Amino acid sequence: MLFDHDDDKPREECGVVGVFGHPQASLLVALGLHALQHRGQEACGITTFDGEKFHGERHMGLVGENFGGDLTERLPGKTGIGHNRYSTQGKPAIRNIQPIYADLDSGGFAIAHNGNLTNARALRKKLVSRGSIFQSTMDTEVILHLLARSDQDTVSDRFLDAIRQIEGGFSFIGMTNKKLIGARDPSGLRPLVLGQINDAFVLASETCALDLMGADFVREIDPGEVVIITSEGMQSYNPFPSRPVRPCLFEYVYFARPDSVVQGRSVYEVRRKMGHQLAIEHPADIDVVVPVPDSGVPAAIGFSEHSGVPFQLGIIRSHYVGRTFIQPTQTGRQKAVSRKHSPNRAVLEGKRVLLVDDSIVRGNTSRKIVQMVRDAGAKEIHFRSASPPITHQDFYGIDMADRTELLAANNTTEEMREYLKVESLGFLSVPGLYRAIGVDYDAETPAFADHCFTGDYPTRLIDHDQNESSKERQLSLLD
Amino acid sequence: MLFDHDDDKPREECGVVGVFGHPQASLLVALGLHALQHRGQEACGITTFDGEKFHGERHMGLVGENFGGDLTERLPGKTGIGHNRYSTQGKPAIRNIQPIYADLDSGGFAIAHNGNLTNARALRKKLVSRGSIFQSTMDTEVILHLLARSDQDTVSDRFLDAIRQIEGGFSFIGMTNKKLIGARDPSGLRPLVLGQINDAFVLASETCALDLMGADFVREIDPGEVVIITSEGMQSYNPFPSRPVRPCLFEYVYFARPDSVVQGRSVYEVRRKMGHQLAIEHPADIDVVVPVPDSGVPAAIGFSEHSGVPFQLGIIRSHYVGRTFIQPTQTGRQKAVSRKHSPNRAVLEGKRVLLVDDSIVRGNTSRKIVQMVRDAGAKEIHFRSASPPITHQDFYGIDMADRTELLAANNTTEEMREYLKVESLGFLSVPGLYRAIGVDYDAETPAFADHCFTGDYPTRLIDHDQNESSKERQLSLLD
Amino acid sequence: MLFDHDDDKPREECGVVGVFGHPQASLLVALGLHALQHRGQEACGITTFDGEKFHGERHMGLVGENFGGDLTERLPGKTGIGHNRYSTQGKPAIRNIQPIYADLDSGGFAIAHNGNLTNARALRKKLVSRGSIFQSTMDTEVILHLLARSDQDTVSDRFLDAIRQIEGGFSFIGMTNKKLIGARDPSGLRPLVLGQINDAFVLASETCALDLMGADFVREIDPGEVVIITSEGMQSYNPFPSRPVRPCLFEYVYFARPDSVVQGRSVYEVRRKMGHQLAIEHPADIDVVVPVPDSGVPAAIGFSEHSGVPFQLGIIRSHYVGRTFIQPTQTGRQKAVSRKHSPNRAVLEGKRVLLVDDSIVRGNTSRKIVQMVRDAGAKEIHFRSASPPITHQDFYGIDMADRTELLAANNTTEEMREYLKVESLGFLSVPGLYRAIGVDYDAETPAFADHCFTGDYPTRLIDHDQNESSKERQLSLLD
Amino acid sequence: MLFDHDDDKPREECGVVGVFGHPQASLLVALGLHALQHRGQEACGITTFDGEKFHGERHMGLVGENFGGDLTERLPGKTGIGHNRYSTQGKPAIRNIQPIYADLDSGGFAIAHNGNLTNARALRKKLVSRGSIFQSTMDTEVILHLLARSDQDTVSDRFLDAIRQIEGGFSFIGMTNKKLIGARDPSGLRPLVLGQINDAFVLASETCALDLMGADFVREIDPGEVVIITSEGMQSYNPFPSRPVRPCLFEYVYFARPDSVVQGRSVYEVRRKMGHQLAIEHPADIDVVVPVPDSGVPAAIGFSEHSGVPFQLGIIRSHYVGRTFIQPTQTGRQKAVSRKHSPNRAVLEGKRVLLVDDSIVRGNTSRKIVQMVRDAGAKEIHFRSASPPITHQDFYGIDMADRTELLAANNTTEEMREYLKVESLGFLSVPGLYRAIGVDYDAETPAFADHCFTGDYPTRLIDHDQNESSKERQLSLLD
């Protein structure tokens, strides 16, 4: 219950970084991964090529705990790729950490992946029946086997051949002894940006990684685009049939770091405008606006700005959360208290408090926070979600609850208000969310992947439709 | 350089917790230490007594990483004490982690200590010359040896006898097989509060620990007070000669968690008022108020409130900081960029920015942050410190730089402004700081220990005055 | 130089164990592996199947260090296989430890292997070109991929199909969720025996493993035989074309434990008779017979028995050899002294000493031992090898020196005598070795694989003949 | 039960080494400790002084596992001491590993100790009552505290002052920044020898350590002698009142390595003569003489020589014994089988076997070995102990069973024969043991400490006589 990930949040997806043509490639990859640490804290890995050999390290834990010191000695080379893992697929084991690597006929190939394939199980089943042996339980390995079995001649052609067979949300960064490859799914569900440091090329999930690496932002990789970078420069391919571009709204809502720029928009500014919009749609008679830290802060500032009600830190977040759990005690008041959030009584006592969070998933953490704020003496509590009700699951790399567990999928707003025990509850509307981004909402041809709020999925869901139970999916790879 | 502690901050001191008479003592101590994690992240330890035997564990790292799961099995008992270490004395080694323990003539005795003794070296020298063998390099061990050698009959009398011989800033929590002991230095330099959970007694450095443990706040331990808790109840002693009470101002400025209450005042509210005061003393013509996170946030909110200029998160702080270091690269821009703070360009670009931090110690981090904000496009940068210039060292447990390194000890405000490369620089005045706390400033009989700003030390500095070089102090205990 | 494996010895090969139908399968496998620890000390692994799932652990180090305690809980199931690794192929890495496992189309399959394939590289190359991805650098993985790609219907047929394609020396033990499989190469180069504990079947490299497991010896698996054990009982197959049976002589000379029975003969007795034969072929006028411990002991006892000269422990062997190295000092006498063997001066001083060792490979250790015995005061030193001169490399799993390093491949006996600095040197003859075993020597149709002494290899050497340099063989799998 | 220490053996005591005046002191100490590894395998430690600072490392496990590689960098200096621990006192914890070190008034002092004090508890109690704080549960620490509290002026005088107060069996090696000190108890119970490497001095428990270090044997340190070595040379002191010299017989029987020379006698030769003597005192009509390896080998060779019956390895000992335990299975035959000893059926089957072991302590291992030999088909089994019946406990550093557990203390020879289930049982007589050593036995003034066989203790047993229960002795030091 406590010390764990906020179970009321859409959980983080992964972060990927690639560097081509820089003498300190591994160091830059490590910096980029550190900047993307919010996208996955379970494990991290880096692979490099030094002109003769591939080098690789994969570790459980944070980038800053594992990749320090003599990095360019440990992982030499001018080309490198890296990955922060937040497991959406595959149990925690060293061999389920990326990048993954294979000795192919054509030489070594390493790949890192953010996202989730919607036909991975079907492809894997076919490959195994034809004699492929998988070494991990990760969807990502499918692409390696497709590549290995392609009858095309060049690695580039084999990669394009392989990638055409997959569906879902993905950003891939791959490398050979001569190439760095980037690829983004045709809907643009998962992000990937391109940067440069002098002559060196950089790929990363977000612009905040470019900033820390000291790279100049060049452009986003287009949805459906594959870029292949060699010492000759960069070539762009578009191997997929054309389909509507619909980037994932959750990058704005929760995933991206506030200092990142997504599709030309400051994430921080979009979130602040969500607060403005929320204040327009769901005003309240209150004394203080309090964010649920850290993700609710920009929208709370926005709400405060628009409403004129003071913004105060009524909840203090502890950042010292370790990997083991302290079991809760049985003493009464204790139960509702989290090890992560503490009430700031001086701000809350006797006040009409408006809490702002980025979203509500299962609702249990929100309910605990409300109880904690109530115990600290708040006179009234009004809850605002800076995103619309989450009524549908994601299948592209966001590890949310099953639909049966999604609070908004199974309850009316009034039922949710009662469950959370608040005086009022308000969600940003779907059109309001689009407005905060600065785009008109059109339910027929929506500009973003808004399936979690609308049920309108941007791709087929092959694995899901084959209706295999998650138990049948269990793979038994050992160790 | 990077990934390290903010070298521009007075560093954290230690946190201590004690529980008497609760069946889950170790669990409560762990919760209390977790709430006090901001006071020391290097190491942590817990000692308990289960009616027959003492149990103890000491670890490098965070409470949440080390004390989880089956804690009441690992460390059973109804009495327990714990310690978070931020090393102000003694090199990092398991045996320099507290609580420390000794088998005395009268039975086992364990002790945990926050603070620093100003006559520890003198006492240690005397004890060694009389044949005491020290097992650590910690000042804390001195009290154990004084206790062991006391000719008093009872443990209580021996503790009072021992404690009378020491000087400096300290909060001690000690335990025997029958007692929990708390002690606070006569000036009240280091904090210690008393709480209760039903019949169980709790001692802790701050009230935020009581909150997380589910304990009711009873009162602060008075400066110079020793409390001895047994199954009969609590007895209070005052073994020290009377002297002026002068609690340390840095609890308000930096150490205490914002949700703690110190001497009846909300730390968050005091900091917000420092911001008000700062806006009065050093106004500026600006577009945005930006805190240096996290410690500058409440004062920045206060500055914004008083000045009417918007508060925005112009600097994003990463909380994923590991224990190894990523070496900086040589690429130009890189050098000025920290792995801990990132600029939020959307807030800063083209703006006249006022940065608010809690204090300036050596100035190097502040200078780097200013450079980073400038690189992000700020048009003007105005820097405000929510505390007065730090001109003198502390000797009571705050591990700041030597006086030669203190920026304000060696430079005028104008020189500091030039060093930091800002358009304007302002420090809160000493009377202004007192005013934010709600106390009148009287330089003759100051209500607080303000020596860092004034040079007016509340105690003798015996070890320091004997002028032993720090080299002579080096102790050679092995392993 | 020191603390290492005797570089004058043919190094150990691997040990394999399998159990079918016993509720404590993992425990029995661990006992069997412990009895076979002399065949490989680098790493060990066990895989079991509990009726629902496969379980596996692989560790660096000894069986007794890794597999203790709650083994049947950690590795439950009635079927299990295990492996002791002495690396003849593949660098030390967890994923190069056996058993190796794959999820095949038909379900899980695990395999452990003793020996070396002589066409592994050729097969691997072909498999990779057809899109197989290898996860280790072990030859053993080839059989898994052949199995995965076989177009036969049943696992049994697929295994027989796969095994027909390989050449070399091998004993395989494999398992599925329903079967235990054993296989031995058609020449019978590597050993494999069958035992029973009540209704449970046991396979192991040597009979000493059966003894420790409490199993009854049933028979040896025949050269070229494949046995497939199910709950219905055992079925025997012979998938290979007929070829001469030639078991490896080195099992008698060095590998097998003295208390094992190989092809119906006590290894201890065979070695003792080698000593008799050696005394007949190379008598000497001496005072004392001294074994080079431990492998020279039985032959030295035999030499003493036949010659009537007393057997004494003139060299003491230390069994406390750790994993790091103590560097040699520069002090003169020091250089010749090993950390493994110490001279027993009381036995050696002033004596005419005859040293008996099992074999001489590169000669450096022998030379050092002679020097050590000389320094201890021996008047004369006569050296006897209980096996013939080793003139040719092995390619079936014995990790000896390259041919260029084999002392006997490049020197006459007189040159070797001078190199070793002994008064006389004698090797057992090839016919003498056969005689000790009790078999007549026929150079045309030899009953054993004696290629190391004669150059007459029992199989084709495909990989070797394709003359790929060992550098080209380097595989680059990461981590 | 299995994989453990032979519970039928007097367990090993500790080994100590010291070097003065050699640039590679730590390396030499490590070599010496490796040669003395048989005296203690639980832990090891080395302390050095490099002219400025003391350096130290203490580890669980073997010398060769912990002290390799860059030792002279890790532990620089020309003076060093080391210790192999077999715990006779104190639970396994890093701080209970020696050498132990203290910063005294006079500077650093390190000490390593082989043996056991018989008045340690009494002294400790007195020291604690006077305010000394112990950091370990080792008797050895007593000497440090006595030293720290001595009112003598020089370290030498303080050491002599301290050592006069202790009783028992001990060899101490101590060091300061200027001195190496060696001391041996006045009865000479524990051994200590002096050697030289050019100008450097060496102290060690046995001569085999000198051999491996490349040092020349100079002489034994006399019972009751204290030597203090400085750059001026060596000075000898005799601080103790005169008392009969009685070295411990168990060095000959079991402890010392066979290649060591004790009191001018080869240990191997003495053991061989025990075998001769045993053949005279307890002949038998047998087919084969089989040693219980490794400690029974020399006496078995001697028995074979004198009786003319062949010596054969009927029991094979595994040296691959790890640190965890494989639990025994329940299958019948299994129970009697050890993981350490295996029967060599070819030698035993159908034979009248005479087993020779060095001693019988509790008898359980002997009984299991007999059962194992019987199961392997032996027709008759005759058991011979190369030492007399052990009827009394040792208090000087040999960790044998309590008297209640000593087989010979509670049974007649016939009862023991029945317990072991052998056809005949014979112990070497006390006069016979003296005769093997070459000394006449005189029960009035015995030349050796033979208390284990006779009950005639060479010193007072103060702690034991004060009759404190072992429970009261339990010390509660934490961690």
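Residue numbering begins at 1 within each chain, and the chains themselves are lettered A, B, C and D in the order written.
Operating definition for what follows: a residue touches a chain if its C-beta (ideal position, glycine included) is under 8 Å from a C-beta of that chain, and two chains touch if they have at least 3 such contacts.
The structure presented is a predicted model; accordingly, all values stated were derived computationally and were not measured.
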Chain whose Cα centroid lies at the greatest distance from that of chain C: B
Distance from chain D to chain C - Cα centre to Cα centre, in angstrom: 36
Interchain centroid distance [CA atoms averaged], chain A/chain C, Å: 51
Between chain B and chain C, centroid-to-centroid distance (C-alpha), Å: 63
Interface hub residues of chain B, defined as touching at least two other chains: none
Contacting chain pairs - touch in the sense defined above: A-B, A-C, B-D, C-D
Chain B-facing residues of chain D, complex: 47, 53-58, 94-95, 101-105, 108, 110, 128-135, 144-145, 148-150, 475-479
Chain D residues touching chain C - in the complex, by the definition given at the top: 3, 24, 27-28, 30-31, 34-35, 37-38, 41, 61-69, 71, 197, 208, 211-214, 257-259, 261, 266, 268-269, 297-298, 301, 305, 310-313, 316, 318-327, 329-334, 337, 339, 342-347
